[in-house]
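Presented sequentially are two complexes of chain A, the first with chain B as partner and the second with chain C.
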Partner chain A sequence: MIHRTEELHGDVELHADVCVIGSGPGGAVVAKELAERGLRVVVLESGPVLNSKNSTREGGTFLSRYVQEAGMRVMMGNAFVVTMQAEALGGTSEINSAIFKPIPDAILKEWIEDYQLKDMSVEGMRRHFKHLEKEIGARPTEMEAQGMKNLLVKRGFDKLGWDSHPLVRAVSGCKGSSDCMTSCPSGAKKTMSATYIPWASKAGADVYPLCRVRKILVEKKWRKKGKARGVVADLIDPKTRKPKGRLTVHARAVVCSAGVIWSPILLRRSGLKARWIGRNLCAHIGVAAFGLFDEEVNAWEGATQGWGSNALFQRGMVMESLSAMPAMLSARLPGVGHDFLKRLKNYKHTTVIAVKPRGTSKGIVREVGGNPLCLMYTRQADIDEAAFGLKACIDGLFAAGAKEVYPGCFGVPHVMTRPEESEKVLTRRFGAGDFEFMANHVFGTCRMGGNPKKSVVDSWCETHEVDDLFVCDSSVIPTGMINNPQGAIMSFSRRAAIQMAHRYNA
Partner chain B sequence: MSQANIQQADSFQEFPMGVQHRYFTFHSLARKSTKELHEIFMRGLQPRLEDLEGWEFRGWNVSSLTRVLGFQKFKKGFQHIVRPSKVTSINEYKQSTLHGYNVVVRQNRLVDPHLALPNELHPKRHGFYLVAPVTMGEKDCKYPHALLLDYSKGPTNPIWDPSTLLRDYLVKPDPENADLFLGKAYLALGPQRVFAGYFILERYNHIGL
Partner chain C sequence: MIQALAGFARKRVEKRTQQVKDLLGMQNGLVEQPWVKPRVERVIDAMGMTLFPPGGAIPFSAEDVELTDYMVGLLGKIDPVKSDLLTVLFLVYEYAIPKLYGKMERFSDLPEHVQLDLMEKLHECPFYILRLLTVSVRMLFTFGYTADERVLEDIGFFKRYEYPADLRNIMIKLESIQQEQSA
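Let's turn to the complex of A and B:
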């Protein structure tokens, strides 16, 4: 049952077999798998319920209500890298484009070998992914839903003879409303709140939105491994977003699916001391270029991200069409004053190609004054690789017929009018501050591995340090993975959940 | 997790000499010893020319001496030299020679991108070679199951270029992975062939992209 937490007050105590923290792709899959196998499951989600009725297309309002830190979170360091994670029932699946891709085999093999994941196999993970792909109904974005913005990207890739394909998304019957980021108005997007959360609830799980976990209860005995015993959470007032009561869950096991930023913070708050908690923050640090076309594009029509190319896949990058709320994306148009206004008027003639390199930069997540602090050092090699990818995006836009391209970086013409100008991106030595980076795919802060000294969880997502405490979100993914991570998160989580069910049902 | 609860995973395969692996990857091969690489090399298969043509591969010389000498990381490209006036059919095209080259890249970590020098727009290509299956009876026919990269037949190597002394043999260590190759380099010093080291190649980007 999905509870109305607004009706809870004071101190509440619950008992369960498993308490799941977070209702994103990791937590929702775990909850559903465990509930269907007969376990008593409680899911705690810090955010409110988000659906087409209470959503808004007004960017600022939406970000402040449903995105952590109102969408203003940056990973600080030699560059400011914007990153967004949702705070709503369903987690970041509520605001992403629902792109559904597997872990590339070569990368999974690399993880198995480099991180001693002895119990994992490529074939096994592929089976989990295939099951989830079928279960969630992922399919290539239909041509009717593409919209001009994606078809122009297709035109560019096709003209260059590059790999060019519709993006596979967890969407059924996409109406092309371009509203993936603000909760799909037609219900076509298969978010966790539309799929795994109601399925878990139907199987008997109790779901509590607006419950922010403060700490995981860990029972520790002298010279013995700790054991997870439950969680303590604050009941959150939906209007003030402040605590109004306390909820304690006593459980045989705890699954932390609070995300890359909050999972390590919760583990540290709960007394875990493993060296790698909060370290190894990795990200797909992406860049994008705008193209201005003669024809009307109307970027608010068509699938949010409908077309992609794997032309640079072997090199560790994917290129995808991209759109977002005009309030967010238009801020990246070049120029100031009248110059900027002129470009804003032409916004309906623009589309975007983005590229996401796999990246090797690392950072850390710490808690300062109750809030996350994310630090990231963007390495020169990643900056140069981003420049390489950016050139490909610029080439794609010109090939599609763009009359102007805005590369979105400093040190080269901010408006390019000739295809040859894209070469300037390769001849300049960029610094970290020259790009407007964005990285919504983040990983690694509770990384998986066979060596307890170099990892936080084992290949079954159980922490090395504390028994019956699991982490099932993208923080267990050891490195960047080129592809969008939702499929990977769900695959790891399903695999771990099935093993948990064996253990706790025995 | 009890053994009974753990799903069956692929078991480790053991080679003689105790080479344990489940999957060959660029990183895992880079960390193997010379003995282990020899075992893997001897069990490798001959790559198909079609799998190489038109691509550049990121490369890693396993010997740490190459790090000191400044060429541990590199890229290799493979492309057909086609003489249009002579090629009149697909078969003739396929029989036209496959050549390759090396690209100087930034010497950074194993996990870092292979970034061409001086820049991606004008990469420095050098060390050209001819690619062909090993032909028995020829001077360089040590490994019949490999491809031979013969630098002495590189079309544009200057006569004084020391890379003309190189003879590389190339195999595919994993029959199911057409993106990963293991090479064994020799120096041709007169009639002698002196082992120079192992290198690894992995598919990286289309030529010209």
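Let's turn to the complex of A and C:
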């Protein structure tokens, strides 16, 4: 049952077999698998319910209500990289484009070798992915839902002879309303709140939105490994977003799926001291280019991200079409005053190609004054790869017929009008501050591994330091993985959940 | 042990700070302070009119869309720490940034063409932080500018209003209630 937390007051105590923190792709899958196997599951989510009844397309309002830190979280370092994670029932699946891809086999093999994941196999993970792909109904975006913005990107990739394909997304019957990031109005997008959360609830799980976990209760005995015994959470008032009561869950196991930023913070608050908690923050640090066309593109029609290319996959990056609210992408439009207004007016003639390199940069996450502090040093190699990827985006846009391209970076012309100008992106040595980076795919802060000294969780997502405490979100993924991570998160989580069910049902 | 002490100390400091604020009658949030709010509104006005001037390709200026009210409202909605940081940023724009370019006046007191020139120079500034702050501020202002339905309609952003919580739907509903009541 999905509870109305507004009706809870004071101190509440619950008992369960497993308490799941977070209702994103990791937590929702774990909750559903465990509930269906007969375990009593409680899911705590810090955000409110987000659906088409309470969503809005007004950017500032939406971000302040449903995105952590109102969408203003940055990973600070030699570049300030914006990163967004949702705070809503369903987690970041509520605001992503629902792209559903597996972990590339070569990268999975690399993880198994480098991180000593002895119990894991490529075939096993592929089975989990296939099951999830079928269960969630992921399929290539239909041509009718593409819209001009995606078809122009297709045109560009086709003309250059590059790999060109519709993106596989967890969407069924897409109407092309381009609202993936503000809650799909037609219900076509298979977010966690439309799939795994209701399925878990139907199987008997209790879901509590607006419950922010403060700490995981860890029972520790002298010279023995600790055991997770539950959580303490604040009940959040929906209007003020301030605590109004306390909720304690006593459980035999705790699954932390609070995301790359909050999972390590919760582990640290709960007394875990493993060196790698909060370290190894990795990200797909992406860039994008705008193209201006003569024809009307109407970027608010068609799937948010409908078309992609793996032409640069061997180099460790993918290219995808992209759209978002005009205000969000306007950062890449050049000009001030009348110039800027002219470009904003032409928004309906623009489309965007984005590129996401796998990335090798590392960072850390710490808690300062109750809030996350994310630091990341963007390596020159990643900057050079971003430049290479940006050139490919510019080439794609010109091939599609763009009359102007805005590369959105410093040190090259803000407006390019000829395809040859894309070479300037390769001739200049960029610094980290020259790009407007964005990185919504983040990983690694509770990475998995066989060696307890170099990892936080084992291959079954259980922490090395504390028994019965699991982490099932993208923080266990050891490095960037080129593809979008939702499929990977759900695969790891399903695998871990099935193992947990054997243990706690016995 | 150290963490527990630090947490305890932080809570004590927060409690004392709040007590002092309550004693002095100070509102929460820097932007709500009576000596800060008018200054912030003035600089937001000036920056808004520079970014979105009248007579442009889109026929609505920052004043027409009440951008200042939106921005001050946004500062009230977001996390207090970020709100205070943004308020400080606006004050830096007002008092410090013009001096970097040899202008002794406040940003809001500069002539319009000088304000525009300053913002263009900031976009091209070799110092990453200044460029970043300018682009970020422009993005925030664009959120406010495009929050106005008329701007969206002018750029052709026509959407079926499927979200009950969208302002236009609320206005339409209010209008029909008012008509019913007057009838």
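By definition in this document, the second predicted complex is superposed on the first by the 506 of 506 C-alpha atoms of A that agree within 3 Å, B and C clash if a C-alpha of one lies under 4 Å from a C-alpha of the other, contacts with A are read in each partner's own complex, and residues count from 1 in each chain.
By our rule, a residue touches a chain if its C-beta (ideal position, glycine included) is under 8 Å from a C-beta of that chain, and two chains touch if they have at least 3 such contacts.
Please read all numbers here as calculations on a predicted model, not as lab measurements.
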| request: Please tell me, clash or fit, for chain B and chain C sharing chain A in the overlay. | output: fit
| message | Per the contact definition in the header, classify A:360: touching chain B only (first), chain C only (second), both, or neither. | response | first
| said: Between chain B and chain C, whom does A:417 touch in the aligned arrangement: first, second, both, or neither? | reply: neither
| query | Taking the superposition as given, does A:505 touch the first partner, chain B, the second, chain C, both, or neither? | reply | neither
| When the two structures are laid over each other on chain A, which of chain B and chain C touches more residues of chain A? | C
| Where does A:451 make contact in the superposed view: on chain B (first), on chain C (second), on both, or on neither? | neither
| query | After superposition on the shared chain, which partner residues are touched by A:72: those of chain B (first), chain C (second), both, or neither? | reply | second
| Between chain B (first) and chain C (second), which, if any, makes contact with A:55: first, second, both or neither? | second
| task | Enter the shortest inter-chain Cα distance between chain B and chain C once the structures share a common frame, rounded to whole Å. | result | 23
| chain A to chain C touching residues, read off their complex | 52-61, 64, 69-70, 72, 79-80, 177, 182-183, 185-186, 296, 298, 300, 325-328, 330-331, 334, 336-338, 340-342, 344-345, 347-348, 369-371, 410, 431-434, 436
| Footprint of chain A on chain C - complex, ascending | 10, 50-53, 56-58, 70, 74, 77-79, 81-82, 116, 119-120, 123-124, 128, 131-132, 135-136, 138-140, 142-147, 152, 154-157, 159-160, 162-167
| said: Quick check on the complex: what are the chain A residues that touch chain B? | reply: 106, 109-110, 112-114, 118-124, 162, 311-312, 314-316, 357, 360, 379, 381-382, 384-385, 388, 391-392, 423, 426-427, 460, 462, 495, 498-499, 502-503, 506
| Tell me, which parts of chain B touch chain A in their complex? | 1-2, 5-7, 9-10, 12, 21-28, 55, 106, 108-109, 111-113, 115, 119-121, 177, 179-180, 202-206, 209
